[in-house]
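I've put the structures underneath this note.
Here subunit A shows up in two complexes: once beside subunit B, once beside subunit C.
And now, the complex of A and B:
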């Protein structure tokens, strides 16, 4: 009986969004009378930071500071339609819709500014600080605050835009079954090192080294936050989490979240996370969906590391001490 | 049910309430007094989200009866900032992105405060031990550990 060490590697491709009947998200953007911009969505921020990302995307497209944008994701009854926040689709689908809506709103904003400045709208640019100016002649400028006041109270214009992003439904070809069920793949690779006690079946994860290719990181700190937490959740999927440990038998399942095991503070592995940015062709500013995929590669990497350590293949999750011991027993029995 | 009077100090100000006997401190703080910084996660003493400081000790407000707190000095996360300036722990949690959904954060900060009050320069192992009664389901804990260590360094630099 001994503590045995093993190392496992796994690589994954992970799609952004889904395609069961078309995958649409819509967005509306409008300015308030004081030149702040409102993004209306039905997409929900689950804590992953969607409101911040949508504010950045809208601000970048219109040409205003991010703090001039308010994102409202309040109500799926009254907001523009969204399929939902899942399948890592939020940034990609909603972001593309927000870009389209913000472009239309920006065009109206420039048209109103052009009337005020008595120039051609195509000669105008934003300075990113809340002003619109003539290209090459920045002394001729007007604040977006004044443009919005003019639109509302003088010109009778609505500085607003509509955005729609749709991945159409893909039907399989009759002869081959070939189809395009998903788009915009993110990629990841994990190397995990474990120790397995072949007397108790207990697994200790020593190190987890991850590389994630996620398109463009629109907010690098938030991406890092997502990936660090996700890597921990991947270890949790591999070794801890289940509602029904003896599925389909319901016995011994946790009765609440207190009994739903996940690694605690004392169970953390030394974790390294590297981000590769290869901007996607169809993502907003090159983004892909880093959400769910970041918790995937750790699972096969740990399973492979357990195999490397003690020579048994555990193909049911989570990889519990009991499953390892049963497999070792079967292996010994030949 | 008969109501009982209880008086205590909350974040430096005197509070006096009539509460129903058996009310937890968590419910008294949130529903009677209006301090919603302690969160009700499990209501059975497992998750740590309701942690508050009572007379210098870290306590679970969901397992503490309000009527036992007469004369106590109670501190919650809502009372940490002074004059609009965030406490070093709050600053460090923000800067380190140590929150996502944020539900565990007040309990984490209370547990960390008790640690730093007693051990101004803790080791990583001491931080892990001090926070081990608090559950987080978003961050993977590492950013939280780093935030507490950063806050400890910031506080000791200010004191020096």
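And now, the complex of A and C:
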């Protein structure tokens, strides 16, 4: 009886957005009289940070700091249609809608600034700090605060924009399955290192090294929180979680967090996260949806590591100590 | 976390002002100090609490329902059965033309899974509602049930759902979604080795911090405001409009700040019945799942069975792959026909294989309906595919990581569903994994690229 060590690898890809498309999202952007910007949506923030990312996308597009943007979302009386937050679609779909709306608003903003500065709008640029200036002559500038005041009270202009993003729906061909499920895919490769106690069947995940390719890390800190959380969930799926431990038997299902097993803080593997960025052709600033895929590669990587450690294949999830011990027993029996 | 900017630097414009910057989240201080308002933080005078009478049987005919004792229970304001629901038989994907309608808001004549909602009780307090639930008498005639994908598909198996007429979802392509590419039998015939393996998973709970629920307020203008933690506002509003036969203009949904979803809050379960309760009583209604309901009543990730048959050459090339995937939908469709179909689009994984045959089935059993969950249609498939890849590599005596390089898809490669590969990055992920995990592979693999120059 011994503690045995093993490692396993898995590589995966994952589609961004609702399978086969046909899932619209709209956005509206407008300025307040003092030059802050409102983004109005009906998209849902599940805790992953949708509102923050939409604010950054709007800010980048208009050319203002992120703290000048407020996101108002998920009131069906005011927010334009969004299909929902699922299928790794939030950032990709809503982000594109916000870019389109913000571009339209920016154009009006530049036109008003051009009138105030008596230049052509095409000669203007934003400095990213809240000002609009003439390209090549930054001393000739006006604050966005003053531009908004002018638009509202003097020029009678609405600094606003409408955005819409829709990937046309694809219908699978009946006999061949020819179809267009998605426009872009995120990627990952995980190497997991485990220890397996061949007396108790207990698995300890020592390290996971996750490499994710996500198109573009729009906010690296938020990407990290999502990827680390996803990696934890993948390990949890691999080793612990099920509502029906003896599926297809319906008994013994957990009804609270005492009975439904998940790893606690003490069970966390040493986690290393590496991010690559190959911008997607149609993502907002190249972003893809990493929300779902980041929880997938750990499961097979852990399964393969268990085999590497003790030489038995557990092809049924979750990989419980009971299943490992039964497999070891069967292996010993030849 | 480290960003490796040296990969794909030639196709990426860095140096933006806001994008790529690790700005602190504006909502974090509210979350960590408990100041963020979620739907359940709203409390209204006169608010009623809704609790469900649930089926204790996996499959049964309902002979009769007697609510008289429950209605007399102190604090009970209203008791609802199927006959109170205007459009009781529904299915949520009808909005994207995926039918048939196959599920009841409240059971009508039959229950098809243990835990199915039969009667809704509205009372002044949660306790009164819970006590009254125990006083509803339902006379059941227990029917044979089926719990297993294989048993469900056998001739003579108990029929789970009459609205389908058979224990699988009927696609326009027949009993499964199909992908056919190349000639899989010819591929197997030329292969040096054949490996056929079967993989299985069990249902998994989303386990969000905040359980599913909503609070509904009848407004003075005959509209209803529904504070909800749904993941999809208009999808839920539009389905509610169908179920209640109520114009969408009467419905106002407010949400967007949710304590975790993971796909568990895209079914439309709590909102329609809570709004109906508010309409029939004229009072605010709260319907919030207990943790037990969240774990055993709300849809889990489906149990799946995946059978993979591969033909592989000694040099490492996979020449044929046949995948048969089964999704255990439980008693009703919800999002499962979509999930099974998404699986068909995902196989054979991120590898270029000349001969592919995919069949994915959505199967009905007498268990808690499954539905969307993070990685829907793909997560369990990836487990099966990547364990299979490990087995294939060992079968031909090759390093598992090198084996994946040989088969990895690259730009321009035709996928089984007949889309050319674009924007591939699997090879680069594996190269970086090789470095970071100190798992060396041959130099020729480290020199590969997802780009196909001049292609």
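Going forward, the second predicted complex is superposed on the first by the 316 of 334 C-alpha atoms of A that agree within 3 Å, B and C clash if a C-alpha of one lies under 4 Å from a C-alpha of the other, contacts with A are read in each partner's own complex, and residues count from 1 in each chain.
Please note the rule applied: a residue touches a chain if its C-beta (ideal position, glycine included) is under 8 Å from a C-beta of that chain, and two chains touch if they have at least 3 such contacts.
None of the values given here were measured: they were computed from a predicted structure.
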Contacts of A:22 with subunit B and subunit C, given as first, second, both or neither: second
Which superposed partner A:320 touches (first subunit B, second subunit C, both, neither): neither
Partner chain(s) touched by A:150 [first = subunit B, second = subunit C, both, neither]: neither
Contacts of A:232 with subunit B and subunit C, given as first, second, both or neither: first
Partner chain in contact with A:241 - subunit B first, subunit C second, else both or neither: second
Contacts of A:224 with subunit B and subunit C, given as first, second, both or neither: both
First, second, both or neither for A:262, with subunit B first and subunit C second: both
Contacts of A:31 with subunit B and subunit C, given as first, second, both or neither: neither
Partner chain(s) touched by A:131 [first = subunit B, second = subunit C, both, neither]: neither
Subunit B or subunit C, by number of subunit A residues touched: C
Set of subunit A residues, in rising order, touched by both subunit B and subunit C: 46-47, 49, 221-222, 224, 228, 230, 233, 256-257, 262
Subunit B-facing residues of subunit A, complex: 46-49, 221-222, 224-225, 228-233, 256-258, 262, 264-266, 268, 271
Contact set on subunit B toward subunit A in their complex: 42, 44, 46-47, 97, 100-102, 128, 131-132, 135, 137-143, 145
Parts of subunit A lying in touch with subunit C, wherever the complex brings them together: 7-15, 19-20, 22, 42-47, 49, 51-52, 55-57, 59-60, 63, 65-67, 73-77, 79, 81-87, 128, 172, 174-182, 184-185, 187-191, 209, 211-213, 215-224, 227-228, 230, 233, 237, 241-245, 247-250, 253-257, 260, 262, 272-281, 285-286, 291-293, 295-297, 299-301, 303-304, 307, 313, 315-318
Residues on subunit C engaged by subunit A in the complex (per definition of touch): 1-5, 7-8, 11-12, 16-27, 31, 58, 96, 114, 147-149, 172-174, 177-181, 197-205, 207, 209, 230-235, 237, 251-263, 265-266, 291-292, 295-296, 300, 303, 338, 341-342, 344-346, 349-350, 358, 365, 367-368, 372, 374-380, 382-387, 389-391, 400-401, 404, 408-409, 416-419, 422-426, 428-430, 432-433, 436-437, 439, 450
